[in-house]
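Going in written order, the chains are labelled A, B and C, and every chain counts its residues from 1.
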Amino acid sequence: MPSPLKIAPTFASAYRTGPIPRRFFLGVVNAAVQFATQMLAITIVFNQTESLGGWSREDLIVLVGVHAIVSGILGMIFSPSISSFLESIRLGTFDFLLTKPVDAQLLASVQSVAPQSTVDGGGSGHYWLWSGTAGAGFGLVVLMFILLLLAGLCMVYSFMLVLASMAFWFVKLDNIMNIFNVMFGNAGTWPITIFPAWLRGMLTFIIPIAFAVTIPAQALTGALTVGNVALTFALAAVFLTASRFFWRFAIRQYTGASA
Amino acid sequence: MPSTPIISVENLGKTYTVPEREAGVKAAVVSLFNRKTRDVQAVRDVSFDIHPGEIVGFLGPNGAGKTTTMKMLSGLLHPTAGNASVLGFTPWERDRAYLGQMTLIMGQRNQLQWDIPVIDSYQLFKAIFRISDADYKQRLDELIEWLELQSLINKPARNLSLGERMKCEIAGSLLHQPRVLYLDEPTIGLDISMQRKIREFVAEYNARTGAAVMLTSHYMADVEALCERVIVIHHGTLLYDGDLHGLVSRFSPFKTIAIEFSEPMVANGQLADANDRYGEIVSANDTGWEVRVPKSETAAVASRLLADLPVADLTISEPPIEEVIEQVFATGVET
Amino acid sequence: MSSSTPDFSKPSPRALLQFYRGQFAAALGFNLAYRGMVALWVLGSVMQPLVLIVVWQTVSEGRDTGMTAGQYAAYFMVSMVVSHMTFIWHMWEFEWRIRSGYFSPLLLRPVHPIHHDICENLSYKFVGLVGIIPAAVLMALIFGADFSGASWRSLIAFAPALLLAMALRFVIEWCLALAAFWMTKVASLNQLFDAFFLFLGGQFAPLGVMPEWIQTLSFALPFRWSIYFPIQVALGNITGADLWIGYGMQPSDRSGRGRVATDVEARGLPTTAVERSHACLHR
């Protein structure tokens, strides 16, 4: 008996099947629709205002571009892998993974790859052109951006891993990644600074969208503070360590799929 | 058979068009504009009749076209050639009156709702097939008794074992008392005793209602227990239609002669010669031999064995059906 | 065994009613069994309006966009409810069904498969309301939604507008989902459709703040009538003649497409059902 709940994960895995070139083609179509959607959204908002909580039109395009890069990387490796992992818990095939002589966390995190998602990341080039900031600054700024982006990715990855580890207790969890995608897709395309404090806290520490998107984008728009940089690297370390511990604790709960 | 056929199939054919493309990115780009396709003939020129009350085994290796044929007959697929008439309907016109009188049971799929008690699914079938209250009650009681479902029907389908679920599935598919049953691998994955139970039930349903049954199964035990008649298809083409035993005598060119010695016999040098003299020695020990001989030479070899050796007992048998079928599929015997 | 053959040539409202009751109960059972999943899904549908309230309230700060912060909150709150109530996922589902062969059992029944889908869809919406309504109330309180235009009259007018919107969107998307019988990747179509709802339907912003061309285009397309129209009716922004024109637009957009649905079904939708998945097997 399907309903959106059941379909979404199956759909997601179906999406990964099929001939790779066709997937790329669809990836391009999806990325194009996504790009058009976001540019239109920004246009509509900036028809009404010149600044959204201190962010200019160009800044926002940079932010959306960063978001595209991050979703591309997440969608290419972590999302499909974590989905496969959740499915393998449900089907009991996680046993096979555990018997391999490789760190199970690593294997679970990178076990499947959706190459078409590179289109999302690669396509973000458009955003740079549109934002008019391309070529504005290179060198240290870009290096800082890349480092912050990596730190942000570590945090999002840790968050996904913790979510996925819940599957050791609650077997039916296939949809949690879709929910993550909805949250990340909606909240991540806007600067964290416009949200009211309570929501900002959630989007910063619970679902680390702020660190994955807003702060790296600030590196490019020049709104970065030293405190934020330090906080980002420190938290990335904390998140990674904590998620590692949580994973090892959770894996002890694994009983195999008895059903 | 004097009665009119309940299923009548004439020159049925089904060709799938599948896209075909070479590997690689360049070919992929080309294929976006210029799609190459290839035709796959899943079923070609198949004809047969099935009469009320018959149970017909439908045999063939994987990919032979069995399921495609069944899906055409149950109205899920359109054929690309030929005609069929079942209960006077053309199946793929999907007349509701036809859908209401037949059932397709697939061992690997379920129609029961996964998360609600089985009995609730049955209630739903009652509405779908417009079964009257009286009929529903009576049939349900009968099915519960035959299949021993009493303890199962109040559980959700997902809490049942595979065998239990299959029993419930079958009962649900028969509530509307179909006159034609298509059973596609109904016993797949079940343990031996559950397989036997399902088999007995199908036989009983057939005997009581006179429904026609078409059955595919990879378990020859199912076919041997239920079907007097078998239809064999291979590569989409009909290979054989007739008596199950006829199949063996037709396709197996060999018989097996088993002998028991009256006294233990050590066969040293004899065994090598024996292969030439009698036929292929399938097994040999000091109490007896098993010899496989071409059918035409059975009598001659038997008498030679009796003359040469201290035989206490001799039996001549057909090889097991399973072996014959396997051989037919492997060699693709032409009719 | 006894036998009395039912007559399937005549429609039987009684049997259909029984079927609806049973199927709805079954679907409800499913959605209740997976209430945790429904909750997560609902959480997902809260996210978009929540974010958009923040965005538009930020935009309206110290600037006149034609709507106050409170009005934006009210708009997106109702938008969430309307989007939830009109949601249909069958473009995804058909693709999955055909691939997995789940369509076969539905097509073997002497009942049109749309009835099954209607039940599933409605039951999901009702179960989801348990989460959506509290979320809507919280949202209204936190963001100070301004319902001064709404009245009991606008609420009464909202009921038919919402029902018509539900029917409109269901019929359109269900018919488009039928494309899955010919195409393999209908879900991509779905993504495009989502974008249309976002802009032409008014999910992203009230159509009043959108560029002219979007506003003009929206009149001719069904998206406005399935999202924006009911929202504005509920908020009391559409009354009098406009209300009746809107009611008129809703079914007229649908009926043409509804006919397509029954035609396609009658002519051969189910006949091609398993072919695709089967063709894959034979590759």
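The rule is simple: contacts are C-beta pairs under 8 Å (C-beta built on N, C-alpha and C of every residue); 3 or more make two chains touch, one makes a residue touch a chain.
Quick caveat: nothing in here was measured; it's all calculated off a predicted structure.
Q: Work out the mean Cα position per chain and let me know which chain is farthest from chain A.
A: Here the answer is chain B, farthest from chain A.
Q: Report the chain closest to the protein's overall CA mean, measuring from each chain's own CA mean.
A: C
Q: I'd like to verify one number: the distance from the centre of chain A to the centre of chain C, where each centre is the average of its C-alpha atoms, in whole angstrom.
A: Chain centroid spacing, chain A to chain C, equals 28 Å.
Q: Once you find the CA centre of chain A and the CA centre of chain B, what distance in Å lies between them?
A: One centre to the other, that is 50 Å.
Q: Return the distance between the CA-based centres of chain B and chain C, expressed in whole Å.
A: Measuring from centre to centre gives 45 Å for this pair.
Q: Where in chain B do residues touch at least two different other chains?
A: Residue numbers touching two or more other chains: 113-115.
Q: Two or more other chains in contact with one residue: find those residues in chain C.
A: Residues 26, 30, 34, 102.
Q: Scan chain A for residues touching two or more other chains and write them down.
A: Residues 1, 22 of chain A touch two or more partner chains.
Q: If we count contacts the way the header does, which residues on chain C are in touch with chain A in the complex?
A: Spelled out, the residues of chain C in touch with chain A are 26-27, 30-31, 34, 36-38, 40-41, 43-44, 47-48, 50-51, 54-55, 58-60, 63, 65, 87, 89, 92-93, 95-97, 99-100, 102, 120, 124, 184-185, 187-188, 191-192, 195, 198-199, 204-205, 209-211.
Q: Can you name the residues of chain A that touch chain C in the complex?
A: 1-8, 10-11, 14-15, 18, 22, 26, 29-30, 33-34, 36-37, 40-41, 43-45, 47-49, 52-53, 170, 172, 175-176, 178-179, 182-183, 186-187, 190, 194-196, 199
Q: Can you tell me which positions in chain C touch chain B when the two form their complex?
A: Residues 1-9, 12, 15-16, 18-19, 21-23, 25-26, 29-30, 33-34, 101-102, 104-105, 107-111, 268, 270-275, 278-283 of chain C touch chain B in their complex.
Q: Within the complex, which stretch of chain B touches chain C?
A: Interface residues on the chain B side: 16-18, 40, 42, 63, 67-68, 71, 74-78, 92, 94-97, 99-101, 103-104, 106, 109-111, 113-116, 120-121, 123-124, 126-132, 134-135, 138-139, 142, 156, 177, 208-209.
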